[in-house]
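Listed after this line are the structures, all set down as structure tokens.
Look at the two complexes coming up: chain A is in both, with chain B in one and chain C in the other.
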Partner chain A sequence: MLDVAGLSVELARETESRVILDEVSFSVPERGLIGIVGESGAGKTVLGRALTGWVPEPLRQTAGSVSIDGRVLTTLKPEELRQIRGRTIGYIGSDPGTSFDPTIPIGVQIAQKLRAVVPGTSRDAAKKRVLDLLDQVRIPSAARRFDEYPYQFSGGMLQRAAIVDALVAKPKILICDNITQPLDVTIAAQIVRLLRGLERDLATAIVFFTASIPVAKELIDDLLVLEKGRIIERGGIGAVIAKPVSPHTKRLIDSSPRIWGQNVDVPRPAPAKEAKSEPLLLVADVVKTYRVPDRTRFTGTLDVKAVRGVTLEIRPGENVGLVGESGCGKSTLSRLLSWIEEPDAGRIVFQGKDMASLRGKERLAMRRRFQLLLQDPYNCLPPHLSVARTIRTSLDIHGVKGAEARDKVRAVMHEVGLKDEDAERLPIGMSAGQRQRVNIARALVLEPTLLILDETLSSLDPAEQSRLIDLFERLQVKHGLTYLVISHDLALVRKVCNRVAVMYLGKIVENAGNAQIFDQPSNPYTRALLSAVPVLDKGPFNPAECLVEGEPPSPINVPTGCSFASRCPKAQDLCRTDEPAFTPLGDGRGGVACHFPFV
Partner chain B sequence: MGFVFRFLLRRALQGVVIMLLVSMAIFTILRWDDSKKDTPARLILGPMATQDSIDRKTEELGFNDPIPVQYLAYIANVFRGDLGTSYIRAESGMSLGATQDDIQTQRASVMRLMTGSLPMTLQLAAVALFIAMLIAVPIGVAAGLNQGHWPDRLAVYLSSIFVSLPNFWLGIVLAFLLTAQLGWLPSIGYKGFAYTILPATVIAIEMAPLFIRSLSVSIAAAVRQNFIALAHVRGIPSHTIFLRNVLRNIAVPNLNLFGVQIGALLGGVLIVEYIFNYPGFGLLTVQAVSQRDYPVIQGISIISSAIFVIANILVDLVSAKIDPRVEL
Partner chain C sequence: MTDTTATSLAAAGAAARGASPGARLWRETWRQREFRFGLIVILLLVAASILVPLLTGIDPGKMQIKNKYLPPIFLPGGDWTHILGTDHLGRDLFVRSLIGLQYALGISFTTVLLMFFFGSAVGLISGYFGKVVDALLMRLTDAQLSIPLIILAITLLTVSRPTVPLIIFVLAVSGWPVYARVARGVTLSERNKEYVRAAHILGASHWRIILTMIAPNILPPIAFVAVLDLARMMIFEAILGFMSIGVQPPTPTFGNIIADGRKYLINAWWIATMPGAFLLLALLSINLMGASLERARNKLFSGQI
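Our next item is the complex of A and B:
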């Protein structure tokens, strides 16, 4: 039905011309799930868009064709192409946050599309069809959501709405460009499950682009592997994973996240706890609430309870992981720990000193000892300062001047793997990995003892990620650093953290050693989180039993009782009335906040 | 809808504070001159008045009180709807000049002077805006949709030319050409609607470049948005996308520019009305300033700031209606 023959696309700018797609050929039958897997930069997005006849400048289709039901897209008149786009193809992009017009209610936009591509649909019929589909993709209270605006939807809900939009005119083919990539694992798993059901119920062919082989394995039947714009491997998904022909595919499979199984990297053990060793960082009952105006009432505000009483201890030399879904308060906590914001209540004690009691110079001096590294390597470097100046600015602030500062900058640049000639470069043109090294250098030059890594490695490709993990390990051995790793990437945490704290709706619900968390977690939420991680090896937790439906409650309306009760498969009456306290399990098995933990 | 009322209440209070500050500043500055040469009493009574009658007048009008006391008396009257009485002008609108005649009723109330001239200025401003949009919308939209191509360049050239024309010069040239030489359009004074067109055109040409620029930049940014590109892939016709999505999304920044431009509009009116002898707010202002007619200047400043405040409240309300994310 969909036929791609020898498709080549080039990026043609005045200064450069680059091949993006190189003689790609495949066809999609009436039914079936085809997966196209490739790393970032392999040409997935360009291919996905070309399937809809969308090859915008400066891209140029140089050879080949895309045809649907025998009609070649490039030969169609604009009006004919528009008809095919709306009715035969449904396209879902990777960024749900920008897929809808922010000024029009979601349901209205989808109904408008239906009426635009299927002339003669009445307003009521369109609305009914949209409501039916919103129900079918399990958007709760669809009738109310119909009239809500995109900013009122979470990423996962927006992606469901985008699926509805793509399916509303009953297309024959659904093109999904990396649609699970920006979502949390539990939500991504729900979306994958949803797509599987839709393919069965709606008799739609699905072309699914993804960077992750484990995600593809969950969903698709046939696999194509894309590398640098060429299809280098194709076959049934099981066969390809079992016996990849091309070395690139093998590498992709090998670099897939591994959490369980034989060849899993686990961190080297933390230095043995000395009986009386002081914790490096002690966080006690920390609370942070934000006030936002309540738009529904004349006066008054709403309280967003971002962090609701977190207690955490980090010992010197230890790597502690902090995991949880987006919106659970991880980043707010990292801002509190790095003293960018002050907590409303509770204490943060660093090296025996209560941060709240420090003022002025003392506080500045203490700040040198803990440094925060952020996720986005692009926006956190001043674009007009050279690398050396950026690193030196840290020293300027803390009063290190002259030749001493110069030597320190040079030494630290060597340490993180930057070259001397990088010193005078501007960040523009540097890769994400190099920028992240500049960030590390900027923090490291102050000789901190604690580094808070807030999703620091999340935006890097796997190869660069593992190089930086090695770097962090070397730095730890040399300088005796302690890391707090805040991440949604459970495979990364499995690889580097000695101890893991799981956060849900502003609280820590489980805190235990690496092996304990990953092999015998006590909290049902931890199990749900782990069962949702797409991995190639079979995990110990059956998604059908553990996986949760729905989304976390809003931090504005925190439910009474256990905040996870609304999604928990084990929830009982007690859970809906009483909030479980955080209790140690004994035998060094950490602690858990749950009335009915797995033991 | 509670937040809308809260917004209105807050903004109305802010507006009152702004107007009080403006009037206080104007009031104080006007009375700062302590050279004792041209006191208000002297302005009213004229150069021929005896020192004795001037002193009596000064005392009678309370000019010997400290400035804050005078201001409080004035503002209390303003809240009662009384903006005072012109020093110079008669009910007929003619300048009385200095006279020793003490009968105050002969002099025009400020309120009356303004209700006479404000509608004229509103008419001028509305026509000017209409002409400005007539110029700016087609050029700005074409430039925004064709970034880097000839409509975009045309917009830049045209805007540069418009911006470089001084309004007084343009006014004089147009009046000379179209009225004096060709006789196509009347100007100078006011004897009917046609007299509005030339001054309005001058103001429109002054304002158009800003709207062209703002429209083209915001449209160019809007069409680069992901949801606009995706709308094409979703099979929605291009003209529908433009009317339904692009226009909605550029409305807020352009409305805000409009709100700010109202100040410039009131300022532009000042000079243009003077050049064309157009009997509006601007002409009244220029005359009041040159004659040191303090009550009129104060009244004008209060009304102008009220117009500015109310227009911007309206702009914010409409913005919030269009884009639900706009915080009120």
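Our next item is the complex of A and C:
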């Protein structure tokens, strides 16, 4: 039905011209799920848009064609193209936040679109159709949400609304460009399950673009692999994964995260002799509540309970992982630990000293010993300072001056793998990996003992990620560093952390050793989280058994009882009334906060 | 895609690498013809305004009734001793305009500098600290914004003698709130950026963050707007002079030259026109320089140099 023949697209600018797509050919049948997998920069987004006849400047279609039902898109008039978009072909992008008008309620704008694409639809019929679809993508209480604005939707719900928006005019083909990427694993798993159901129920063909082979495996039947604008591999997904023809596909498969099974990388064991020593960082019953204005009333505020009593111990030389979905309070906790915000209650004790008791110079000196590395390598460096100046700033703050500072900057740049000629470069024009190295150097030059990595490696591609993991390991051996890794990337945590704490809605619900957490987790939430991770090998946990539909409750209205009860398959009456306390399991199996843990 | 674009840009900038960003910025600015042109013209004007009265020995206040209404050199009847002609009292317009330019440039430059630094400082502090500090400082700027320049100028400059410092004070006082507003707005968005957070984490004090992290990023764009304000301030200075509450005669200023020439517009149009011509030249060259600097800065921060 959709036919792509020898499609080539070029990026033509004044200064350069580059081939983005190189003779791409494939066809999409009436029904079925086709996956197109490629790394970032392979041309996925350009291809996805070209399928809808959208090749904007400075891109230029140099050869080939895209045709739908035998009609070549480039030969159509704008009105005809508009008819095809929406009615025959639906498109969902990776960022649902920007695909809606923030000033119009979600339901209203989808109904408006339907009436524009299918003239003659009555207002009521349009509304009914939208409500039906909102139900079908399992947005709870659709009738109420119809009149809500985009800002009132969470990321996962907005992505569902975007799917409704694309499906509303009953397109024959749905193009999904990387739609699960910005979502949490549990939500992404729900969306994938939803798409599979839609393909079955609505008889729509789906073209699914993704960077991750495991995600593709969950969903699609046929796989195309895109590398630098060329299709280098095609076939049934099972066959390709079992026997990839091209080396690039093989590399993609090999670099996919592995959590279970053979050849799993596990961290070096923590230094045993220090296991009984005094903890490097002790976090005791830390609480943080933010006050936000209540939008529904003229005055008044709401309490956002971001961190609701976290206790955590980190011993020297031990790598601790802190995992959880977005909104669970990880980032707030990292801000508290790095002392840029003070907790409302509880203590943070670093090397035997309570941070709250330190003032001025003492606190500054202590601060030098623990450093937080931020997530976003693009924004965390001051744009106006050269690499050397950025690193120098750390030393300036702590009063190291002159030749000593210059030598230290040079030394640390070499250590993290930056060259001398990078010294005067500005962050602009540096790759994510290089920027992250500057970021590391800036913290490392202060000779810290504890490094908190807040999603530091998440935004890097797998190759760069593994190079930086090597770097972190080298630095650990050389300087005796301790790492606290805060991440939603479970495969990364599996690889580097000796101990893992799982966080849900501002609390730690399980805290145990690496093997324990990944092979025999006690808390149902840990199982749900692990079941949702897309992996190539079959995981030990089945998502259908581990996770009930739904999203985490809001930290404004924390439910009574166990906060996970609303999504937990094991939940009983007790869970909805009484909050479980964190209890050690004994035998070095860590601890868990659950009334009915797996044992 | 962003990654590959970034690398190709980096390759373009490879030749310039090694020099510090500041040095690269100056090199790129100097490379532009407009910048050099503007610099030369403005230097010539300033030099002329100091040297010409000295070298020619013409006194700007000296009246020669027999030489009144002498046209400029490019009109019939022009005379080389008075290149730009004379006014209704036979005073040399070239020298008078040059001295007027001295005052116009001096007053507007000082005013803009004062407004820029005071306004931006208020805006930075207000936006960075927020809460009570913000509320207080912003009400202060609101109060200031509600007093029109003309009313303030007439009141202050008629009550006490209009000296140069007082004129600068009046202009700056009514101009700074705009800078405070703009600086505050940008600071509000800048202070939540990751790199500012990163500086906090490293242990930087508030003042260090404001001065070394936020200010260098938000002030240059505001400074480019300030260059345009130079023109506005020169015109205000002329308006004050025209209303005879500017620098007082016998000192020639653009304002009082125009005020004198207004009555003779039909017969001797050049009297009121000459100050405008100098104003035009000076502003043109300043704006050319500002624009070149801005272009170079954009190139630097898009990784092209």
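We take it that the second predicted complex is superposed on the first by the 594 of 599 C-alpha atoms of A that agree within 3 Å, B and C clash if a C-alpha of one lies under 4 Å from a C-alpha of the other, contacts with A are read in each partner's own complex, and residues count from 1 in each chain.
Keep this in mind: a residue touches a chain if its C-beta (ideal position, glycine included) is under 8 Å from a C-beta of that chain, and two chains touch if they have at least 3 such contacts.
Keep in mind that what you see is a predicted model, and the values were worked out from it rather than measured.
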Would you check which partner chain A:Pro102 touches, where first means chain B only, second means chain C only, and both and neither mean what they say? first
Using the touch definition from the top, say if A:Ala116 reaches chain B (first), chain C (second), both or neither. first
Should A:Ser255 be classified as contacting the first partner (chain B), the second (chain C), both, or neither? neither
Touch test for A:Tyr149: chain B only (first), chain C only (second), both, or neither? first
Is A:Gln61 touching anything from chain B or chain C once the two structures are fitted on A? First, second, both or neither. neither
Examine A:Ser394 and indicate which partner it touches, taking first as chain B and second as chain C; both and neither are also allowed. second
For A:Leu372, select first, second, both or neither according to whether it touches chain B, chain C, the two together, or no partner. second
Doubly contacted chain A residues - partners chain C and chain B: none
For the chain C and chain A complex, residues of the former touching the latter: 1, 3-4, 6-10, 12-13, 17-21, 193-195, 197-205, 208, 212-213, 216-217, 300-303
Which chain A residues qualify as touching chain B in the complex? 49, 52, 54, 56, 82-87, 91, 93, 95, 98-104, 112-113, 116-117, 149, 151, 165-166, 169, 293-299
For the complex, which residues does chain B have touching chain A? 2-3, 5-6, 225-227, 229-237, 240, 244-245, 248-249, 322-325, 327-328
Complex contacts: residues of chain A adjacent to chain C: 15-16, 18, 20, 40-41, 45, 338, 340, 364, 367-368, 371-372, 374-376, 379-386, 393-394, 396-398, 421, 424-426, 428-432, 439, 442-443, 446
